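Here the chain labels run A, B, C and D in written order, and each chain numbers its own residues starting at 1.
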Amino acid sequence: MEVGIIGLGRMGSGIAHRLIGAGHKVTVYNRTRSRTEALRSAGAIVADTPAAASAGEAVITMLADDPAIEAVMAGPEGVLQGLAKDRVHISMSTITVALSERLTVAHRHAGQRYLAAPVFGRPDAAASGKLFVVAGGDAALIDHCQPLFDAVGQRTFTIGDTPAWANVVKLSGNFLLAAMIECLGEAIALMRKSGIEPQRFVDVMTGSLFAAPAYRTYGELIAAQQYEPAGFALPLGFKDVRSVLAAAEAKGVPMPVASLLRDHFISAIARGGQTLDLSALARVAAENAGL
Amino acid sequence: MEVGIIGLGRMGSGIAHRLIGAGHKVTVYNRTRSRTEALRSAGAIVADTPAAASAGEAVITMLADDPAIEAVMAGPEGVLQGLAKDRVHISMSTITVALSERLTVAHRHAGQRYLAAPVFGRPDAAASGKLFVVAGGDAALIDHCQPLFDAVGQRTFTIGDTPAWANVVKLSGNFLLAAMIECLGEAIALMRKSGIEPQRFVDVMTGSLFAAPAYRTYGELIAAQQYEPAGFALPLGFKDVRSVLAAAEAKGVPMPVASLLRDHFISAIARGGQTLDLSALARVAAENAGL
Amino acid sequence: MEVGIIGLGRMGSGIAHRLIGAGHKVTVYNRTRSRTEALRSAGAIVADTPAAASAGEAVITMLADDPAIEAVMAGPEGVLQGLAKDRVHISMSTITVALSERLTVAHRHAGQRYLAAPVFGRPDAAASGKLFVVAGGDAALIDHCQPLFDAVGQRTFTIGDTPAWANVVKLSGNFLLAAMIECLGEAIALMRKSGIEPQRFVDVMTGSLFAAPAYRTYGELIAAQQYEPAGFALPLGFKDVRSVLAAAEAKGVPMPVASLLRDHFISAIARGGQTLDLSALARVAAENAGL
Amino acid sequence: MEVGIIGLGRMGSGIAHRLIGAGHKVTVYNRTRSRTEALRSAGAIVADTPAAASAGEAVITMLADDPAIEAVMAGPEGVLQGLAKDRVHISMSTITVALSERLTVAHRHAGQRYLAAPVFGRPDAAASGKLFVVAGGDAALIDHCQPLFDAVGQRTFTIGDTPAWANVVKLSGNFLLAAMIECLGEAIALMRKSGIEPQRFVDVMTGSLFAAPAYRTYGELIAAQQYEPAGFALPLGFKDVRSVLAAAEAKGVPMPVASLLRDHFISAIARGGQTLDLSALARVAAENAGL
């Protein structure tokens, strides 16, 4: 398939390499052009504008946040201008539900198509094609794009006809992740002040009730009080919790644990955690216990 | 080993049968005597008092809460009276940290020994020897009792020399479990009000980030709004969250998610959930969203 | 002084009448023109556009929320166009800190002046000149406008040179008010379930520690479970709590009680409270207690 | 009236002096006898035991907490032993609802009478007879004791026939007080990080919506970051919030703001606030904002 990729951070680059490896004809665009070099060497065409990267059958956006998406959508050099009729924009970024809804409408008005397909997984999973893809939108269109998802993901979950539903699911997943960190943080603060070796507690949990990689990974980081380097930066986690709160507010759903997380993210950043990993959310629990 | 079992609820009965099956010489005691019949048929000796059930090398207590333990400990017919010098009381119940600390002292003063060995697992896991045992206390003594743990559990985790540490770990595990239910409840309320099929969300979560049995089991119950029968009754979960809050207060650790859970347990019970399953904690999130 | 008033809801109308009564030359503008009739009879000039209402020495805006302000500011018929150089826009509405900051900049760029002067008090206080005015901006300019404030308020508090500071203070005051209602609601739920007459509790509080009109007014409404008519509508209170949370987020300040209020506002509205009074925030506490 | 006073801390001493001044015949008891000297000089009889102090028509207890009350009640030298049939024990201490209920029963069984009459006011109000008395119990009995209340208080509020109701009201008042401090703390943290002089905010609030002494007193302390000396010590406020939570739990009432206060009290004490004033609750809000 002829496919464009806009956004070559660690996630987008991994995805682009996987698509090239799977035999797709890949065009890439990145605002900072230097990041395109490795992909050019690997066989990608380098586009000068988002519009040029959108000239194929599909264009994938993989950017940091709403403003970054909006910046590549509009204007004469934007995706909406470059994408041909009936071609598809696949938004893989972790964006808000509201933006995903606006993109659905904008592409429909332009006679184009739109899928939301946010992913779970860190950059190494992107590079090795082990992402989990959460796809929302027209079922036949998702089927049509399945080869793209197969190149980057180990599994694709379809959520339903409404693209933004996939964003609700993705954001809620990140909420569960941040909540898990908060809870581990509270429990591990109790371990530390009780004199119990935190890693033992993590071993029990991940050896019994919670034998999930997320518990193991973050449990170990929190037990070791290792808050950097930032595999998934605290401000990004904060953005996602705010996004899930915004989506829930729009639907009339109170989410008190998400509200509590929001407060702790603000506190973590106010106390100097701007550049730390998501695991540093647990530092708030520790500091609040006088540790 | 000659071992007594006090408390023949579903958990205690399962444990007793496993110990008989493993070849141990088992004496049982239960306040309501009718529950002892099946075990007598299986080969157990039925004791008339807690003291009589404590006459062997070890006595295991498996009761509902602190008052139930305290009721079998004291007096001329109690465990403290029946247990010989250097023999061991193994407390497998989910009791408070404070009671476990008092038992440690009481047995030491009586020249007896004490292990805390609370377990993770539902009654079916007890019956099939698939519990997870969390053991706290003297390492050599735990080794000595390992055949008992092996008969009932698939794995034993040792926490350290202080028996009550095992209770801190057990209660914290139950805190994580209740917190998971609350968070799933909040997210699933959002799914329902967004028009998304809740089970799809559960499938994504348990197929990606949270491939743990606890997420699957409770995710399905909450998605289906199935709040009974009570596999693990709401009031028991409430007791455990109060116990973890009490332990944390004693150590100077705020646990805001646990506080929030406490409020939601109170609300769930006040709104008629007294006899429901732990999954009904999620009903509070749904009702608060107007569902 | 020649002064325009934009926005003739109950607050704005009361202010306009007071200014006329004090001898000022008043021009009024309202999107729905029918509301201008009473003021025309009272001697006001009725303007056709916001710009026309801004042709005097000062223009006061008193509108429901940010979008309403933004709607009258821009375009060829807007305030920015109509206000002459060095003339002043006085924003009395309860708007966000961010909008107040943008207005400060916009007027400065246009060579105009800007004061934020939000008020405390209900419509009857506006009509009788008993408002409390919280003024932020240039001290000399506030002095110059003091006759306007004196016409509508019983007292003017100056906060400092930065206009938006007055909005921070006003929003924080509304936060304290909503928090008071929440806390009274929790306590009164306890009274009701304890069998204690709620009004007795209110009498004790307002007769001892909290002899403030706000406690008396809302205490009586909550004790009587009187949630309508909406003197101050629930959705407006919700807006203010969101605004204070946004201001606090921008400054890196967690406000956990405000977060909790936000959740309870969402719940109150989701459970059918859209048209109720702010006092209905207390209904959430009651319902969560099974009342 | 012949009246005993047990507990001569700053509150109890003030009350005793007031009763002597009003012409009552006062007998005092205090565990630490040195505190009785000033009262002996003022005309009080000094008793050697709680029982001896309970030999008159009425005995008032004014002690720090539940254990202190329980310590003077029981045994051959205790109040229950010393009080004659039909004589009355007036509990003015801020005790739990549960203890007040137990005292009601105990005195009834002993053929004695019991009133709960906790008070609002600091030691200086006790010394000057300016307390607010909240009286629960038999109306005729309260009437009979009114001369005692008049000697120490500026006003007596009667709550109803059930003595413990007065304790519910008193504890709820202290909850409102701690909640006010928390909310002022959050708002003042926002002021400080916004660059606004905190005292200006306090002046606006106490000059408009919240013209109550409690707001003024604590607002000034928090604005000035003055957390000592401890007029009302943080651990005492913590005790009261725990007591109101216990009362609410017993009645099935979630009190989420009280839960949040409990967490912040734990944090304040864990971070070194053990000896500080109640105003130091606001330090948690400040520290959580990185101040």
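Following the convention adopted for this analysis, a contact is a pair of C-beta atoms (placed from the backbone, for glycine too) under 8 Å apart; a residue touches a chain by one contact, two chains touch by 3 or more.
Bear in mind the structure is a predicted one, so any value in this text is a computation, not a measurement.
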**OP:** Average the CA atoms of each chain to get its centre, and name the chain whose centre is farthest from that of chain C.
**Re:** B
Original post:
Looking at C-D and A-D, which pair shares more C-beta contacts?
Top reply: C-D
Original post:
In whole angstrom, how far does the Cα centroid of chain C sit from the Cα centroid of chain D?
Top reply: 37
Original post:
Which whole number of Å gives the spacing of the CA centres of chain A and chain C?
Top reply: 39
Original post:
From the C-alpha centre of chain A to that of chain D, how far is it in Å?
Top reply: 53
Subject >> Touching two or more other chains - residues of chain B >> reply: 248, 252-256, 260, 263, 266-267, 270, 288-290
Subject >> Complex contacts: residues of chain A adjacent to chain B >> reply: 120, 132, 134, 155, 157, 159-160, 162, 165, 168-169, 172-173, 175-177, 179-180, 182-184, 186-187, 189-191, 193-197, 200-201, 203-205, 207-215, 244, 247-248, 251-258, 260, 285, 288-290
Original post:
Of all residues in chain D, which touch chain A in the complex?
Top reply: 263, 266-267, 270-272, 284, 288-290
Subject >> Contacting residues of chain D [partner chain B, same complex] >> reply: 248-249, 252-256, 259-260, 262-264, 266-267, 269-270
